[in-house]
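Pasting the structures here.
Shared between the two complexes below is subunit A, which pairs with subunit B and subunit C, respectively.
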Partner chain A sequence: MLKRLSPQKGEWINREKLIEFTFEGQAYQGYEGDTITSALWASGEQVLGRSFKYHRPRGVLSFANHDVNIMVTDGIDTNIRADVTQLKAGMQLSVVNTSGGVKQDKKRWLDKISAILPVGFYYKAFYKPKALFPFWENIIRKAAGLGVVNFNYPRQTKYKSNQFTDVLVVGAGLAGITAALCLAKAGVQVVLVDENAQLGGSLNEDFAAKADANDKLQALLTELANYPNLSYITQAYVAGYYADYYLPIITQTGMIRIRAKAVIVATGAFEHPPVFRNNDLPGVMLSTAAQRLMHRYAVKPFDNGLVFTANTQGYRVALDMLKAGVKVAALVDLRALPNTPLADQLKAMGIKIYTGYCVYEAKPSADGFGVSGAIICPYDETNAMPDNTQSFKIDCDGIAMSAGWSPAAALLYQAGTKMRFDAQIQQFVPQQLAKGIFAAGKVNGFYAEALRAQDGERAASEALRYLNIDTPVLSTPLQASGTPSHPYPMVPHPEGKNFIDFDEDIQLKDFANAAQEGFNNIELMKRYTTFGMGPSQGKHANMNAIRVLARICQQPIAKVGSTTARPFYHPTPLGHLAGYGFQPYRTTAMHAWHQQAGAELAQIGVWMRPAYYKQAGISKQEAVTQEVLAVRNAAGLIDVSTLGKIEVHGAQAAEFLERFYTGGFVSQQVGTTRYALALDEAGVMMDDGIVARLAEDVFYLTTSTTNAAMVYREMQRWQQMWQLDITLTNVTGAYAAMNLAGLASTKILEKLVKNTDDIKQLKSGDVCEIKVVDVDARLISVGFVSEVAYEIHVPAKQAMILWSALIEAGKPYQLQPFGTEAQRILRLEMGHALIGHDTDGLTNPFEANVAFALKMQKSFFVGQRSLKIIKKKTANKILVAFALVSNQAKQTPQECNLVIEQDEIAGRVTSIAWSPTLQKIIGLAYVKPNQADMGTYFDIRTDNCDLVQAQVVQTPFIQHSSGAV
Partner chain B sequence: MNVLNTIDCVSLGIKGPNAAIWLQQQGIPIPESANTWLMHPSGYVLRLGQGEFLIEGAATTQLHKALENKVTGVYFVPRAYVAFELSGAGAKDMMAQICALNTTELLLDNALLMTQVAGVSAILINDSNRYRFWCDVSYQDYIEHTLSNITE
Partner chain C sequence: MKLLTCPINGSRPISEFVFGGEYREMPNPDTCSDQEWSAYVFNRNGAPGVKKEWWFHSPSGTWFIAERNTVTDEVVRTYLLSAEVGG
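And then the complex of A and B:
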């Protein structure tokens, strides 16, 4: 580890534990606590990546996840941010976006022809001739993108949880920690989140050579531990702000959705680079990156570094370099008149300071993988012009650069903060914050250490008062003199390669070109040049881009504005968002029996239901046909526990149903059932079922499987308004139900009751409460799938007793269980339309041909008023039953195939199936009213565009279980 | 570590405008306010609304019998519930993963929540640091599978 420094105070590495790994096929060592980048830099490796577009060699830039110079693949994981990913033993790392290795990348020639690949070239270059577009598209697609997607990536269910707190403090730098401590002292619950591996922010590295610099952080951390009401999460970022203080925290292992009562945003600032030629060479890095390398990981950023600055930060880092034993070749200050006492300190240490100078160009080393020196020259700040006639070279092997900052204000923007541009500090700062949102520290424009702490206290006191906790009002700190950010740190160069956005290789001249093409609005320029559209989303680039655009357009920065900061703050693995999903399913009381009997289960709504029962040696189609024929010729049994079941009790129960459904229920006799059709206020069919009257004031009704919850919810909603003397109870899960169908079903049922007359006397549509094999049952004679059929409803926990008894009693009659596939054919043979299948979200009862279910003379029912209006209009479609004229069509029509009349769409097929009973293809379809008369022929267009003839027929399709159409 | 117990409970639902008075007449103590619960010697008594109760345990047999004679304004609510108990050091974290509400704050003072647990409608209480929730028995398979997957 060539560049490892002696132990540094507060360093994050554990020198006791060596970690071995490989990078680009070569073995390396690092320490526990190292990131991938720090371990490689310590080992003397500087070429750690290639740029996206021109494949230029890249090294450390921000070392803080504000750029993507260094992204690697490790096994199945790709696009790993090496700067901030902890080193693990056994990692086998390779650089993304290279071919042939990072040093010998075969696409490095692209840099040589970069002059003919300016931004937007592909918008203009490849659309003509059109025939060649697929050729270019193929090349561009291969060239684009970073890591390679692994389509065999294993599904990982990530941790997802919900947490609640009084105050969430985002960012654990000095301002954030100070705020969190003040809040904790006041007794409120605080969660402090920081994306770094350890708390402290820049307190970990920005020392300016002070001997006691780290002591303050250690004292704060000790104090934090004293408060059990303060918890913190590191290596986690708050990915976005959502309404009502709801924020996702992305951790290493998953996502925590936190709901806070107030939020303090102390997210700090991104350092942005001065823009000069070759500012992307490996060895040219932001000043804070150099500090992080030295103090967090004890790694030398360079041996002999030059500092190029436009603020006081450059002086601080120069002092830090000297203290760490790094030679400082010179300090170059863009400002003509810098005013900092640190300059005297440096001068006293023999460091040459060039004020009013710029780095005109970084000179690459012979192999192009590092820096051999810096060409510097005087700089005219007013016109942003270097005077290269007076340029000269200073030898160095690296450059630490610092031009200013932009606030990490994404969360503030998302929380609706109105920002303003403060010309004194050259930064956007909050002007008006939303209620319960507070900003502190650098993001609020305060850079000096004392001011950051003071601002943290102030933000905490405001948050406490917002939470109605009495606390003194603290004033906003007075801004320090000087500006931490230079208004225009750009150094033009005729040969370019002075980068603003390192993600997308966007140079200074690209902005001028974009403006010349008319893209002179910040959002348009972003899209044309693609600045800020790379994986780091403009963190290091946006502020410089705004400054350049402002200068080009000769507008103040406040008028140029900034781009939209959308969630998520960093690109987030989809697995973190998906996690384990909650997709509830329900099983009936007979579920285990179905599985044992070989049922192929299908999820219908939330229920797991047998689609059919598999049988050895026969196909699915044959098995379904057997089930259908069993019902038609003997008997079948289906589990219909999934039906919605609701009880309505009370003196006004009949009145309630009279209003809710379209039919009449006041006159309904006890012991009978009636068809029930529910509409919404627009007259659209919502659901249907049957209503059984068990007593004068007790009704038991069923709904379709998928609509059970919706119908119950609607009933509750209407009852809230009507306030009738009723009680509603959803008993869907409490009761199981089974449908015994077919001609033999009566005989089977008679075997299980004490008095067979109870069954014999039951007419179609009757309901009775009866014991069947000693189980209290509600027995309904209802012909949904067969003209002879019984629905038996029993308490769910006793259902298996009855099911087993029926199966046993049915054996002599060839009783066969059947599933939903057979049920669909059986109900179609009976001519029953299904709401939601044969109707859609706009279908009214006239169109569905169920006007028989409407009691329009009633004083009121839901949807009646709409129906009265609809009735006056001419219907444009009607649901009819049909049979295909021939079974020999080239292609059988499918559901949703269109009905065609004179080349125009006249309707569509909603249900169609081969009827094993009738040996015909039958179905239901919407047709035009003039096609709805019995015996009318119409055409259906198949998927192959063949026209197949169908004829309107009567329902039920079958009569007496063996009849014909 | 957390422990999930599935309890095939015997529970009875009572609902109606006279349900509270009737239960008291039957000697069943009831919680004073809606959305709270208490422990009866034979099991839990949950007040789900002003006039709706869920009663668990031996008392249900007696109540069921008493309701065979019609009582004005009191209705038997058939329920097929299963109860789950979540306990142990990891119970709170598990609950944070399967319920989006602030169970620490909202379940104080014998409060109950009618909410979603792992996406399923459930009645949730915290009894001495043991979470207990009731849901329809048809979700038993799903809940057991889901919670077991999360634990893994």
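And then the complex of A and C:
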């Protein structure tokens, strides 16, 4: 580790613990606490990756989670960001997007021909001929790219947890920690989050050679520990802001969804580079990266570094370098008249300072893997023009760059903050924050240490007042003169390679080209040049891009504006987002019995229901047919517990049903049932069921399985408006229900009741409350699947007693359980249309041929007024029952096949099935009104485009005990 | 995730709620014209601003009215319709 410094105050590494790892096949060592990059840099490795497009060698840039050219693969994991990922023993790292290794990358020729690869090159060059585009695309996609997706990646379920707090403070730099401490002192719950391995932000590294710089941080950290109401999370980032203070925190292993009452955003600022030729060479890095290397990881950024700056930060770094024993070759300041007190300190130490100068270009070393020197020359700030005629070379092995900052304001934008451009400090700052959102520190435009702390206190006091805790009003004094960001740190060069976006290799001239082609709006330019579209999402590139565009368009920066910063803040592994695949479903009280009996289960709505019962040696088709015939010839039993069941109690219960359903219920006799049809306000059929009157003021009604929740919900809504004297109770889960169907069903039932007269007296459509094998049952005679059938509703807990008893009692009569498949055929044979199957979201009762269910003379029911309008118009379709004329059709029509009349669409089939009872194919279809008369023939077009003839017939298809149409 | 205040159950996550559309006053079906009735059934006012909306708190079965600013997505207040009708 030849570049490792002697122990530094506050360093993050543990020199006791040596870590072995390999990189590109070679063995290396680092310390616990190192990141991958710091360990490699300490070992003297400078080429850590290749750029995305031109495959240029790249080293350290930011050390702040946007060194996206330095992404590595370790086993199954790829696109690991080396600058921030903690080193682990046994890592076997290789660089993504190279062929033949990072140093011998075979694709480096791309850099040589970059002049003929301007932005938009691919669009223009491979646009024609169209047929060849896939060929070129394949080559391009292979050349440009990141890690390779591993399709055998194991499924990893990352934990998700939820947390609540009063205030979430994002960013644990000076402003964030100060704010958190103020809040904790006031007694509120605070959670402090920082993406770094340790708290403190720039207090960890921006020392400007001050000996006591780290003491302040240590004092703050000691104080933090005093408050049990303050907790902090490190190595975790807040990925986005969601409504009502809901923020996902992505940790190393999972996601914490935190709900706060207020949020303080103290996320700081990203440093961005001055733009000059070869500003991407390994060894050219942002000044903060150099500081991080020295103070966090005790690694020399260079041996003899040049500082290129346009603010005071450069001077601070130069002082830090000297203190760490790094030679400072020179300090080059873009500004003609810098006002920096630190300059004297440097001059006193013999450092040469060039003001009004720029680095014209960085000179690569012989192997191209480092820096051999910097060409510097005078710079005209007003016109952003270097005076190349007076250039000279200064030898150095690296350059620390510092030209300015842009706020890490993504969360603020997402929380609806209105930003303004402050020309004084050359930065976007919050102008108007949303309620409960506060900004503090650099993101708020405050850079001086004292001001950042004050701003943290101020933000905390505002948050406390927002939480109705009395605190004095504070304010942060204005930023002292001198801007931390240069308004235009660009050095044009005829040969280019002066990069603005390091993710995507976007150079200064690319912007001029894009503007020239008309992409001179920030959003268009972003998409055309692809700046800010790489993995760092423009963290180091956006501000420079905005400045360049503003100058090209000769517009103020405020007018150019910024692109939208959407979640997520950093790329987030999908494992954090994936759910557990939790798909709940409901089962009936007889579920275990169905399974034992070999039921093939199907999910219907929220329920799991038997589709049919499998039988050894016969196919599904045969099994279903058997079930149908059992009902027709003997008896069958089906579990219909999934029907929606609602009780309506109260003096106005009948009045309520009169308004909700189309039929009449006031006149309904106790002990009878009625068909109930519900419409929406447009007169469209919503649901149907039966209503049983159990007492004057008690009704028990059913809805279809899938509409149970909707019907109950709509009833509740109308009740809110009508305010009738009723109570609605949803007893869908409380009651189980079974349908005993077939001619033998009466005999079976009689065996299970005390007084068989009770059954004998029950007419079709009657309901009674009766004990069946000692279970209190609601017994309804209803002919849905069969002329003779009983629906028996019992408390769910006792359902199995009755079910078993029925199965047992039915044995002598060949009673067979049946599922939904047979039920569909049986109800079709009975000619019953299913709402939602034979009707759609526009069908009215006239079209569905159920006008019998409408009591239009009632004073009101939902949908009645619309029906009055619809009735005046002629219907253009009507639902009819049909049978195919021949069973030997070339192809059996399917549901949704069209009815064709003279090559025109006349309607469609909604239900069709082979009826085992009738030995015919029967169905329901919409046809034109002129085709609806009994006996009319019409054509159905099959999937093969054959026309199959059908004839309108009467319903029910089967007649009582005869079975003939 | 957004929070919504149910007048009965207090502040709950939005995933517990079902949106029920804009609240509209029903014209008298006996006296209104066909046009008025059609407008009531089919037309909605899309102009941004504070809207009266139906919301349903699903776990408890509570329908209520939320006055929501559709520009800022801020819920101004929530209340039971009956509370409003009853004064």
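Keep this in mind: the second predicted complex is superposed on the first by the 906 of 965 C-alpha atoms of A that agree within 3 Å, B and C clash if a C-alpha of one lies under 4 Å from a C-alpha of the other, contacts with A are read in each partner's own complex, and residues count from 1 in each chain.
In this section, a residue touches a chain if its C-beta (ideal position, glycine included) is under 8 Å from a C-beta of that chain, and two chains touch if they have at least 3 such contacts.
Since this is a predicted model, take the numbers as computed values, not measurements.
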Considering only touches as defined above, state whether A:S866 meets subunit B (first), subunit C (second), both or neither.
second
Examine A:T588 and indicate which partner it touches, taking first as subunit B and second as subunit C; both and neither are also allowed.
first
After the superposition on A, what does A:E681 contact: first (subunit B), second (subunit C), both or neither?
second
Tell me the contact category for A:M721 with respect to subunit B and subunit C: first, second, both or neither.
second
So which one touches more of the residues on subunit A, subunit B or subunit C?
B
Common ground on subunit A, meaning residues reached by subunit C in one complex and by subunit B in the other
none
Interface with subunit C, subunit A side, in the complex: residues 242-244, 246, 681-682, 712-713, 716-717, 720-721, 723, 730, 860, 864-866, 869
Contact residues on subunit B for subunit A in the complex?
13, 15-16, 75, 77-80, 93, 96-102, 104-105, 118-120, 136-142, 146, 149-150
Can you check the complex and tell me which residues of subunit C touch subunit A?
1-3, 18, 20, 29, 32, 34, 37-38, 40-42, 54, 56, 58, 61, 63, 73, 80-82, 85
So in the complex, the part of subunit A that touches subunit B is made up of which residues?
157, 159-164, 257, 259, 580, 582-589, 591, 607, 641, 647, 649, 727, 729, 731-735, 795-797
